[in-house]
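In order of appearance the chains are A, B, C and D, and numbering begins at 1 in each one.
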Amino acid sequence: MTLPSPLTGVVPPVCTPLTPDNEVDVASLERLVDHLIDGGVDGLFVLGSSSEAAYLPDGHREVVVDRVVRYVGGQLPVLAGAIDMATLRVLDHVRTAAAAGADGVVVTAPFYTRTHPAEIARHFRLVAARGELPVFAYDLPVSVHTKLDADLVLELAADGALAGLKDSSGDDGGLRRVVLGARARTDLPSFAVLTGSELTVDAALAMGADGVVPGLGNVDPHGYVRLYRYAREGDWARARAEQERLCALFRMVGVGDPLRMGASSSSLGAFKAALHLRGVIACPLTAAPQVPLSEAETEQVGKHLAAAGLL
Amino acid sequence: MTLPSPLTGVVPPVCTPLTPDNEVDVASLERLVDHLIDGGVDGLFVLGSSSEAAYLPDGHREVVVDRVVRYVGGQLPVLAGAIDMATLRVLDHVRTAAAAGADGVVVTAPFYTRTHPAEIARHFRLVAARGELPVFAYDLPVSVHTKLDADLVLELAADGALAGLKDSSGDDGGLRRVVLGARARTDLPSFAVLTGSELTVDAALAMGADGVVPGLGNVDPHGYVRLYRYAREGDWARARAEQERLCALFRMVGVGDPLRMGASSSSLGAFKAALHLRGVIACPLTAAPQVPLSEAETEQVGKHLAAAGLL
Amino acid sequence: MTLPSPLTGVVPPVCTPLTPDNEVDVASLERLVDHLIDGGVDGLFVLGSSSEAAYLPDGHREVVVDRVVRYVGGQLPVLAGAIDMATLRVLDHVRTAAAAGADGVVVTAPFYTRTHPAEIARHFRLVAARGELPVFAYDLPVSVHTKLDADLVLELAADGALAGLKDSSGDDGGLRRVVLGARARTDLPSFAVLTGSELTVDAALAMGADGVVPGLGNVDPHGYVRLYRYAREGDWARARAEQERLCALFRMVGVGDPLRMGASSSSLGAFKAALHLRGVIACPLTAAPQVPLSEAETEQVGKHLAAAGLL
Amino acid sequence: MTLPSPLTGVVPPVCTPLTPDNEVDVASLERLVDHLIDGGVDGLFVLGSSSEAAYLPDGHREVVVDRVVRYVGGQLPVLAGAIDMATLRVLDHVRTAAAAGADGVVVTAPFYTRTHPAEIARHFRLVAARGELPVFAYDLPVSVHTKLDADLVLELAADGALAGLKDSSGDDGGLRRVVLGARARTDLPSFAVLTGSELTVDAALAMGADGVVPGLGNVDPHGYVRLYRYAREGDWARARAEQERLCALFRMVGVGDPLRMGASSSSLGAFKAALHLRGVIACPLTAAPQVPLSEAETEQVGKHLAAAGLL
């Protein structure tokens, strides 16, 4: 399909269900896509951080993008993460995504290697110039260990190197600088600013963001879709109430014992446990070396779902 | 060949020469291997950070390990980096390295994703358990953004999960903790501690380290081999003099203008420029998005070589 | 005066005007207080980060709090920063603030020393228990290098150790967690959540924050007071328009050349240049070792003021 | 006394004994000074990080420097830390140290505030120009959150702004760059490079460092003095054996439970517990908000002392 210009609405980063022996569970993945489409989402983002892209071998990644694009069949735009350390590696992923028929790719600054603003700019320009798909910059300093500068993003957008920004930095002041900068330029009507911060979506939309990429949207797509609709209708009171309900639900990410596991195991483990408890996916396994939730921790996830009326 | 147990001596991380169109320049790579073997090195480490592993697509990586192993033909042990974000991705690289006939793999803690000591331990255990090759832990906090704890390394070594440590943290106190901890255990006679810090090799060897993995060893393998030999002979005065000569040579890593490029472009650019000026490789190109050295910067590299008697 | 409970509204961190020989310029400071009161602010926060507290010797700090409290004469509550590395040093500043008649103190987690959640909690409890004034926690990870955890803040609030939070972390999701957590507890009716993020005040107020501590409020107190009033009236469209005007004005913090100076020199230099250009303070000097703005950079500040209708 | 030029040998950072009610325990402090002088140290460094300078109010700091200088009576040079956030605050501490008769001051780059290389240079130049005492730069990135650049240190030394460097960065490659850079300049014969890394003193001395500032030297000054003497005599085998004994002793810094306390509470708590167990100081209390060692943890310290033959 043609990518909306700009891309707007709710575009969840799709979790990647695994079988007990660590393969992509395609049947569960398709049920998850159904669940999201049923929720009313506006697009899908496969192979993002919430999809455990960092954990998935290239074979798994290829299965995911290929099967989701085919299953969706053009009903919705599908973005694919091309998460890797530097340009040539990213270009390989872009090629795979394009071959599978994805509608855009999501790309971070280089990581692992020590980098520089000039190299970050060069990276995005090369991916845009030689890749075959619209490029969304992915700002995730907690993983990438550099923050994308608002002025650099706008400059790349003006040069046509970027179709949008997925801002998961948690820095809403920086997000606003991009939103206002993009609006101030008449040459950027189709540049999309999407927030990845689940807890401040109403605020980001009020500031002028175009959409949201919420990890928690896997668990409750209907909630984020309602939130988005209320915001678009200017009904900020209802948007806020919906957002606050989702904030309470989001507390599930803290169920994992910090003595036993890291934040990724806990939060992605909670999302997958919730999808399992809701009957969407067959197995809540997260990819190695993440530590599984205990039974008691999974029960806590269930309580969060129940409190939100989702069980 | 069988990996020496423990691995000792000078094991340079082999630069990856590229053609002007970004392919692996196999002829130059083989000349570089000859240059290193002629220098008297004890092993080769392909696909490390100085090899631009973070920048190389899997296809390039496979060519490198395959061609180097075949070219070396068992004269020397060849370690291969399996640099990637998490366990399943690393296992893919281990498989490739094993298929190519490498003698060991070098693996970091998970990166990009937020991690935890328990997950780091699980990661190394899984790679060791399911991989087919001896595993060396690679401690590089500047890239990985976590530091490997000395006690964790020793515990993994005692469990047979690690054959050695490549410590590029720059923290020689931590290196010494591992050296002393390994020596204190009678069950670790074959655990190798290798330093990646080019400027303090004499010190690390005096502390009891088994060897060195010097990026600068690409440029001057003979120097590091002399340094290692003097140290093994207990001739610390000559070891120190050789080390100080290499410290002066190492200043080439700073030739790149920090307004135009990052530390990787400057240091890897300098190593490759030096290899080009010395006639070892055909083209000094570093992989995208690194910024090339200017002519004036390359001239500076030449002056460093001349001052060290290498031109 | 009695501190409102909770503290609400616009509480600017008051810049500290200096004479050309680095003394506190009391006359200018009093004019600045007049300017802020004229703007309609609800309280004053002296000796915060925007006040250059980190740069001011104790003698200067004492003059500032003493003169401002006396000059204000109970018209408005005055909070004083007690910015120092650990508990006993902070307690000295609390004593000075109490003696001068301040209405509350603002305290960070320990810094410079390596710390721990248990020590941070102990720090705030000791300051609260032995200090004589209500304590506001100051969350400023860019300076303190730890982030205050939302649950810890709420626990301290519930124990009576904290009267409020000044959140300058830029993490509006975390701010919201505190706001929602405080609202969920019936025992915290008087706990104040204040944002220090100049660019997202409308969002923070919409989320339920009680007020704002804007460095830029020195330059344009009237703007932040209007913004606050619109938000309280539920007129979010006008609040947003006012906020966007202030976002444009805030761009002045970037006038300083990053090759010549750091972010503090540039942003505090811009605020003081603006106050000087507006005729409020006599001299735009920032404290050593900050680098002064050039004439051209100061002219840029003037252009920002003119564009905002403030010259 | 006149400061030796350069300062050489063992210069321990003197712990600050406290009474149970958090005052400076002068009698214990004097016993500690006797203990260190008896150990044969070459100088004393009061108010460093191991002295808990970050925790001590100015009144305590003044008592410490005043009493130690008077007690020492010119037998040994006394350096005083002037640890504070920025220039004017540091200058206040320099004045106090000079008035008390200290022989030099130890100064970090600015911290808490965001800084810049040009501002760091300006900071040291201003302290040197307006202060009354020789200035030693203190490189402690774990606290200051910037690393002093070797070239900047050498430039400041050449300009006469610095009498020496106390390098507690743990980066022995960086230390070596300063040592070699200073030796290469004929105008820096009196610039002292002192390492603060307890575990690699033999290595630093072999590289050409002038001396050592070991926190663990409080507990075992005789050991560090022997180590220094062996190194100066060129008896590297005995130096290494002594260093390895001290490395084992240093493991006491890890006795504190990381679930209950931070690294400062554990390591400074262990040093003070050891001094208490050895009968040097009356009370092992560390300053608030540090968490005290438990009885079991203190027993562990005793075991480390016994194993080292110090009980």
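The criterion applied here is as follows: contacts are C-beta pairs under 8 Å (C-beta built on N, C-alpha and C of every residue); 3 or more make two chains touch, one makes a residue touch a chain.
Keep in mind it's a predicted model, so treat the numbers as computed, not measured.
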Note to self: chain A rotates onto chain C (CA fit) by an angle, in degrees and to the nearest 5, of 180
Residue numbers at the chain A-chain B contact, same meaning over half shared and different meaning under half, come out as same
Between the Cα centroids of chain B and chain D the separation in whole angstrom comes to 34
Dist(centroid_CA(chain A), centroid_CA(chain D)) in Å evaluates to 48
The positions of chain B in contact with two or more other chains are none
Each pair of chains that touches is included here, namely A-B, A-C, B-D, C-D
Chain D residues touching chain C in their complex are 22, 49, 54-60, 83, 85-89, 91-92, 110-116, 118-120, 122-123, 126, 142-145, 258, 260-265, 287-291
The answer for chain C against chain A in the complex is residues 170-174, 176-177, 180, 197-200, 202-203, 206-207, 236, 240, 244, 247-248
